[in-house]
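Next come two complexes, and both contain subunit A; in the first it sits with subunit B, in the second with subunit C.
== the complex of A and B ==
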């Protein structure tokens, strides 16, 4: 008998025995073991093409098991981010000059090139802590806290979740709540919405620090359908309040006929923007609703993991996400897992490519491509194996591609012939080790 | 409003149908496998949530909405 067969029989026997005794599978098995730490670690590289964003990330989750099925979970992530990101300004047939977000210097972009803000460089440290334990025979409660710090951003959060099993543990109903209290301290100060980009050294349009609060509620049901099939359905509500504007994004103020960005006069001896740009303005509230469904199906050792999410918010963004993973075991301890993800979203009600000077200013406007109309596809492959000392390793390589378009009724004059929504291509490489 | 009623009706249908579904306690060998857990790898799931939160207008669904960063 192989080691694998022995293991699966022992798992089956443990499952049957424990459940007959009236407690969860892991509950009784764990209760018989000494407290111990488990670690799940990862190294990640995320890189976009050209000079755009790159992220090197190290993550670790440590879990300590205590008697009676109680767990302490601690998480740590360190991100090192570099690269350039679209500023929101449109391409021009002439070179453009911008004041950096700090207000202390200027940079130029060549004619015909998409303006990217190349000052994006940050280190992010994120910490999480959680405690989970049973309540009575059929319920579980967990509480947690999270914090993360970037140069210009501080996040503090708390969360709690309650889950109850029914129907011989075949049905689990859960409810969770999370609160975030975030503070923004943008480089150079947060600009006033719709204020113009000013000369180097002029910070008269900068506001002080800003805050953002987020409330998340998740209600879920998971159901065992058969020996090989388990499904879950979640409803999520998310409400954000506060400064939801991106302090580094701008819009081009354009001529209402030619669509070209208006020139700006600069005093001699002063550095400053060559054209007229306005800082973006988003509403101070956002409410999102999501429905998520997932099924996991076991087919003679292979596992299909399929999920779908629909999201709709009061910024009039609707999105659909389909995620498919298919785990194929081979050899004694190895597997391959192809992954496909499809995503599509509609643009926010206030998404604008530019602001024409011939019309009054809209209530809100943003040229952030992430609020635009686009599709995205992720395709990847993961290879995993169990080491001789029973630890697990995996490596996955994935490609991510976004293709979008600006609504035709927003294109003015010369904008029609320009590439206003360039594709985004990224590669994701992640190495995982569990021990 | 229509959407809320629809979600409520689906939830009730799902729950009333649940009592006749499921497995006996001794049939949980497959469901106990790590690869059959709804979230197989927490770090990978968190990584994906973080990447897509940063690049798209949607987040969450599986769990809380992600975030905790100035990237979006």
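== the complex of A and C ==
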């Protein structure tokens, strides 16, 4: 029997019951079981190609339902990160030596190879807790707290959200706020902005612990247009203050004509950088505005979920994200969900491939590829099914490809012929189990 | 006011003694009586005893009226007239005609598996937890008297071949629950819960506690009961926790397929459904039972709230 035929049974039954009992039925059923915990667990693998970042993550969200639509949600995530990440320095035709972020040792990168910092290894533990409950008949309030700890990073956050239904619950307006107070204690201490990478053992450019505060505000409205269509729109504002620099990222100081990184003289018997590298410097503030729109369209059991986000910040990064998911059920217990995501961003106003010695030092500069000009596409497939004991399982496999470019006016001399923004490919595999 | 108070009023209706027992427990009045072969109860938040009593009398009166009118065990009622018509057409009143129309809808929706003429199969099957599985011959003999397609229903006239019978037992209790909840709403009374043998409906959500707590009985193996919070709407359970046959390791559920005369294979032990009305909940759980092994996929496709036991 097809979905359509079975669904028509409940509709016909409701109509026949209405005829039998007359118009005296006004109540819509509101029943829930209590008490109940449900658990949503997942294992996630994210792997970039080559020797780059691999992340293995385990997460569990437990939700306890109480009477009167009140919920307690507790979350736990453990991430294990390994692999190498671009340091920000550019390729050279000769081998390059760098001091490790700890300041305790040095490592070398062969000629023609993109300098990667391979000391990137971390374990992150994140905890969240939230409470949600109705207020009166038409409103809901939720509050939450979050904390996460990495070797060099501590995040503490609180959040609250209020939502109110209007128009026979067809319209929901919501407002949310989140505050986070983060502190950084980078390996070897945070380097002073634009200070040079020093010899092994020299910590004279290191600063103490750093702080960062973030305020997020989200205003949203969701509207039921018809039985089959629900749309949602959000505006969000995010303001970050404090140490926004990546303490492990550097820029190459280059000759203004050849574009090659300047050599550095090292005293005999000392280990240290072969070339001149400066630690990056970002502004101490960042304000982002974003607009998000989403439509969910139900088509006879199939669900199309399409969303678009525009983000613009005062670092002059503008980004566009289009996300499409299409859930196709087959049988009563299985579904397939293809997923496509397109992303594009412009580079930050202070993004630089390198710093030429012929010009005065800019106010801020970063060679972090994540602040560069790039496009990304994610394509994947999720397969979900219901087990015989009514639990849900899913497997998701996605590929991610990022291609970027350095603005032509930033390329100097020999840099023109080099691959300055290598492509990034990653694979994502996720296994989910809900019970 | 004492924390527990009990009042018994009795009335004589025909040969059967009927009584209402009123008790105050956990800040609510519980009016209890027996109807349609089940213990029935009205739980209400009435402040005063006389108000609770009036409401219970209203509900019990309606339950007994429906029982008297549609029970196949009562002589002289409309069902008895139909079942003893000997092939002649019987004219029925509007309420009966409405119930017959509803039964026809279910007959069609269930692809002829919900059949009010299938009650006679009980002559062959006795679901008492024992092992008396009837012979194929007995079943096929009785099956000749089953099949709504043999009936000629032209509202308000029903004509059936002699020997065929109808049984509205599969609808009656849920119908009575909804009728009573409707009467209570019309009255604008205090928040009440109408519970007839586990099939129940809410007149409205209680003031103080905001939801009615309903325990759905566990099965015979001592599985813990579900505790359900019901603010609005109704719950009904189809199940065979005690009504089944067990022979040679095979459990025969009491849900009979009128097409074969035999129990539906692989039917869940019980299905509880939450719906706007008790009639919808009860009928949906019966339709799901008739799907046997496919009960859960069927219910999921309906987008109803359900609890299924295997």
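To be clear about the criterion, the second predicted complex is superposed on the first by the 403 of 435 C-alpha atoms of A that agree within 3 Å, B and C clash if a C-alpha of one lies under 4 Å from a C-alpha of the other, contacts with A are read in each partner's own complex, and residues count from 1 in each chain.
The definition used in the following text is that a contact is a pair of C-beta atoms (placed from the backbone, for glycine too) under 8 Å apart; a residue touches a chain by one contact, two chains touch by 3 or more.
The model shown is predicted, which means the values in this text are computed figures rather than measured ones.
Of the two partners subunit B and subunit C, more subunit A residues are in touch with B. Of the two partner chains placed by superposition, only subunit C is touched by A:333; subunit B is not. Residue contacts after overlaying the shared chain place A:370 against subunit B, while subunit C stays out of touching range. Contacts of A:343 after superposition on the shared chain: subunit B is touched, whereas subunit C is not. In the overlay built on the shared chain, the residue A:277 is in contact with neither subunit B nor subunit C. Contacts of A:319 after superposition: subunit B is touched, whereas subunit C is not reached. After overlaying the two complexes on the shared chain, residue contacts for A:292 are found with subunit B alone; subunit C is out of touch. Comparing which residues of subunit A touch subunit B with which touch subunit C, the overlap comprises 12, 14, 16, 19-20, 25. Partner subunit A is touched in their complex by these residues of subunit C: 98-99, 101-102, 105-106, 109, 175, 178-179, 182, 185-186, 202, 204-205, 210-211, 213, 226-235, 274-277, 279-280, 283-284, 287, 296-298, 300-305, 307-308.
Interface of subunit A with subunit B (complex): residues 8, 11-12, 14-16, 19-20, 25, 40-42, 44, 46, 57, 59, 61, 75, 77, 122, 124, 126, 146, 148, 150, 152-153, 155, 157, 159, 166-171, 173, 176, 178, 180, 182, 184, 214, 216, 218, 221-228, 230, 232-236, 238, 246, 288-292, 294, 296, 298, 303, 305, 307, 309, 311-313, 315, 317, 319, 321, 327, 335, 343, 345, 348, 370-371, 376, 394, 396, 400, 402, 424, 426, 428, 430, 432. Across the complex, subunit B meets subunit A through its residues 3, 7, 10-11, 14-15, 18-19, 21-33, 35-38, 40-44, 46-47, 51-52, 55-65, 67-70, 72.
Put simply, subunit A touches subunit C in their complex at residues 1, 3, 6-7, 9-10, 12-14, 16-17, 19-22, 24-35, 67-68, 331-333, 386, 390.
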